[in-house]
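Attaching a single structure in structure tokens format; questions to follow.
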Amino acid sequence: MTIIRTDPLSSPHCPHIDKDRELIHVDCASHIYPDGSVGIHDMCFYVQKNEIVALCGPNGSGKSTLIEHLNGLLTPSEGNIAVNGRSITKGELTDLWREVGVVFQQSDDQLFAPTVLDDVMFGPLNMGMSREAALNAATGALEAVGAADLVQKLPNYLSGGQKRLISIAGILAMKPRIIALDEPTSDLDPVHSGMIEDLILELKQRFGISVVIATHDLDLAARIADRVCLVRKGSVFAEGKPDEIFYDEELLQETGLKPPQIVRVYRAYCRMQGIPADQHPISIEGMMVAIRGK
Amino acid sequence: MTIIRTDPLSSPHCPHIDKDRELIHVDCASHIYPDGSVGIHDMCFYVQKNEIVALCGPNGSGKSTLIEHLNGLLTPSEGNIAVNGRSITKGELTDLWREVGVVFQQSDDQLFAPTVLDDVMFGPLNMGMSREAALNAATGALEAVGAADLVQKLPNYLSGGQKRLISIAGILAMKPRIIALDEPTSDLDPVHSGMIEDLILELKQRFGISVVIATHDLDLAARIADRVCLVRKGSVFAEGKPDEIFYDEELLQETGLKPPQIVRVYRAYCRMQGIPADQHPISIEGMMVAIRGK
Amino acid sequence: MSAASLSDHIPDLNLITYYAEKQQSCFSRLSPWTKFAFLILIILLVTLSGNLAILAVLYLVILGAYAAAHLPVWKLFGWYTMPAVFVLSLVGIMAWSEPGNPIISFAVAGFPLVLTDKGILLVVTLLLKALIVVTFSLFFLMTTRYMHFSAMIYRIFPSPLDQIFLMAYRFLFLTLAMTGSILKAVRSRGGGLIHSVRVQGRMFAEVFALVFIRSFERSERVHKAMIARGFSGSYGTATGIPALRHAEYLLICAGAAVVVAVALMTPSLGG
Amino acid sequence: MAHIHLEDGSFTLFWVAVWWVIALVVIAAALIWVRSVKKTDNRKITLAAFCTAAAFAIFQVSIPLFGGVHLNLTPLIGILTGPALGSLIVLIINILSAAIGHGGWGLVGGNLLVNVTEVLVAYGTWNVLKRLFPGAFARAGIATLLGLFCGNLAMIAIILVSGVQGVTQSSSQILAGLTLIAGVNMGVAVIEAFITGMIITAIIKARPDLLEGERP
């Protein structure tokens, strides 16, 4: 895969990359908020089976707006969105929430039930599980995010990071086929954000769930994403593999981003040693391997 | 300065480090929330003139609770807090907000005025500035955080990161002597968080303002803090210079943290090269210098 | 549905404020007091006169002003739903046995139901009256800045009513956004479906309880945030309200004259 | 719709004035009570403000039962804040509602009296029943039902006394129509009673300090 730069004006329809593997296809969607703000504009985006896609872009570029489109919370004012080949826009899918789980950027918005357990069980119960099955699903999900000890607490009285964990568990318990996480690790301490990182990888590898994350932590995106989409001014500006995207300094600058720290370290090292930075490591291990090669 | 490990039980009162330079002194303060949760417990903490202090610790360790004590929004159930030598607890200080500005973790709580400009002007107007002076202060603050273009927007219609910038500007416009920022860079893109980082340094260097930040971004803490306080279970568990704290793996582990990425890169490098990791670089430049020395 | 608008047939306060702050037309430059005076005059007129022609003209004039101020007319028609329902559910029932020339008549369970021309006229008149005032109210809201409203509230109401009103006005936006987001979250996990009345009722009760508790906590935190920025307990507004200009006095006098004239023309006055 | 809001133009000027004057007297009494008799602190003011905002926001939510129900939750406000603050709150809610067309400006007086009746009756019932019913759910439910019932009576009375402009039928004919409306209202009132009971229970659980001395 090479970097694909998309110029929204020239392509009225974005190409289907691989119809068979495609789960979600967002086709030139636009969303204008009631006050006239452009949320997304001519947005082309897709999610395939069994992949982790990272959305990276500056503040206000439309990442959250896109994510809320994925399970039908927002509908595009123009363009089309299809999940499993069926169009959302035409209102065909009312049970989209079973397919696509969305974790909001503000976890406060997501927790509404009286206790943590009730909240995590809410989804499973709505899916028609028995109380017992729902309880199991909820407990499992809470354990997976490392928040089993919070079961009996009131969601209102948790710290910022704890709330985030619970809201991820609430979606996890529903075992959707696609999970979209808006800033999953913001407000989390390094240990918990490491847990979420492992969890995302496990979701993909063990359960075959596709994951979309919107994140400002480019190092995280570099480590776990199979594909990175750079979002700028409401549309995907370029996409490609993390090592290609994050080593393209010009592209990042155009998007309004800086390279991840690991890239900057590697570059600084090569500059200092006077060797060409011709490899593209995106993790600590990768960097060591690249350096040792010299 | 060496690492000071505090064992709360043994020291009923924490020592005043340097009375002359001390701006805030939190002396064995405890705060229990109405539902019985322990916010902070036997917390000893101080802020000196012209320094940047970073609070680092796991989720729910009490960082936000401590920060809300600093300008009297919460009062300790036990212990004492003094600002400029005068005690908050006894209600002596009603104009504490002029001294200490606090930016909340949830920016939504902070934005209440109808437009961005009104919101940023709220503080200056309350300080008795004329409309014109307040307008200047507000505009200056918005420019400093790089959000001058959002002036006419309604706070409700902003993206997560944009809200954070505005709430920082709202405090900045009041030019307090101490600014406490709760997770200042979470939800911000790399460019904006770089701006906030520069801003914090500038606050200290140009205006002599002391800054307290609570953050999960240990790399940020390592780069900008003069002093790092590790918070665990409601009290400061250890404190010291960033290079000392962040290279003490055992201490971090006890606190429930992982070393910052730069530390892990440096360690991995030394291990690979078979050289002792006897220096303590905490920035990319520092690491290059440390490596070159070999 | 954006986070803030909960329903298409209820005016979206965020959108209203957005237009008010954008200030696109000359109506925004009128003194809020002028618009306030006109609101009272219009209410008086609507209360006094039942003349369909006068009402129709008045409605068209106000709708024209609304459109001329670049306000969203289609939204307005959506927002008419509630007042229309209110009028129809009350008068819609009474309109049936009004004397007059019968137009439709049938019997339900032995009761003869007759709809007459007078009955229909009654519904139309009352509906028109309601829409006149609704349109002008929204026009007033959407052409007057938030801070001027705040200042008016502060001047008009005695303490502590003004404090409650001002704070409520402020929290309203947060509460609306929060309610919208919570409902979004509910829907995103399958909560929007009709299960049983009981389950549905319980879920809404939970959401509403949360809105109450949250907005209380929010208000505590916002209150804190205000204190942290120098809020001194009694909230006054720093802004002045744009004063009436000479032309506006004339305008109000003309309006008042029209109302008096209409009142004199109306045969039956008072109860 | 749990309430029939009267829109502008329904009543004659005379009756508009009469209900406004009575309403102003009620508000003045509430203000005097809040200001001097019962020295209300800042916290109570904040509570009142949040109640206003929350009730108004909740009113905007359409519950998908029976084709869309909107709840006013006035009895809940009565229970939470008492008659004096409650009256002030419903005044503000009525003004805000009038601003967006839910009830006329001229009829704020009449609508206020209906709501104040609900507040008073619900508050009274809630407290009188305290000794009989230990459980908050049933008590809040009954208080709400009774409050809404009396509110309905007040509405019928106000309309009957003032008459609707242009309606020429006899009082008994109008009464028949109003009874029909009141019947529908009471159906919705049952839902509101149930939901209020749940809300009160949840509030007692999460914030016991808001309703002192109550157990779920």
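Read from first to last, the chains carry the letters A, B, C and D; within each, the first residue is number 1.
Please note the rule applied: contacts are C-beta pairs under 8 Å (C-beta built on N, C-alpha and C of every residue); 3 or more make two chains touch, one makes a residue touch a chain.
What you see is a predicted model; the values in this text were computed from it and never measured.
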| item | value |
| --- | --- |
| Pair of chains whose C-beta contact count is the highest in the structure | C-D |
| Centroid comparison with subunit C (C-alpha atoms), farthest chain | B |
| Whole-Å separation of chain centres (CA-atom averages), subunit A against subunit D | 46 |
| Inter-centroid spacing, subunit B versus subunit A (mean Cα positions, whole Å) | 28 |
| Subunit B and subunit D, separation of their C-alpha mean positions in angstrom | 47 |
| Contacts with two or more other chains, residues of subunit D listed in rising order | 202, 206 |
| Sequence positions of subunit A contacting 2 or more other chains | 33, 35, 106, 114, 154, 156 |
| Subunit C residues counted as touching two or more neighbouring chains | 4, 14, 18, 170-171, 174, 178, 206-207, 209-210, 213, 218 |
| Complex contact set, residues of subunit B against subunit C | 68, 71, 73, 95, 97-98, 101-102, 104, 106, 108-110, 112-115, 118, 122-123, 125-127, 131, 152, 154, 156-157, 170-171, 174 |
| Residues of subunit C that touch subunit A when the two form their complex | 1-2, 4-5, 12, 14-15, 18, 178, 181-182, 184-191, 193, 206-207, 209-210, 213-214, 217 |
| Touching residues on subunit C, where the partner in the complex is subunit D | 6-7, 10-11, 13, 39, 43-44, 46-48, 50, 79-80, 82-83, 85-87, 89-91, 93-94, 96-99, 118, 121-122, 125-126, 129-130, 132-134, 137-138, 140-141, 158-161, 163-165, 167-168, 170-172, 174-176, 178-179, 183, 192, 194, 197, 200-202, 204-213, 215-216, 218-220, 223, 233, 269-271 |
| Touching residues (chain side subunit A, partner subunit D) in the complex | 114, 154, 156 |
| Residue numbers on subunit C that touch subunit B, as the complex places them | 3-4, 14, 17-18, 21-22, 146-147, 170-171, 173-174, 177, 218, 221-222, 224-232, 238 |
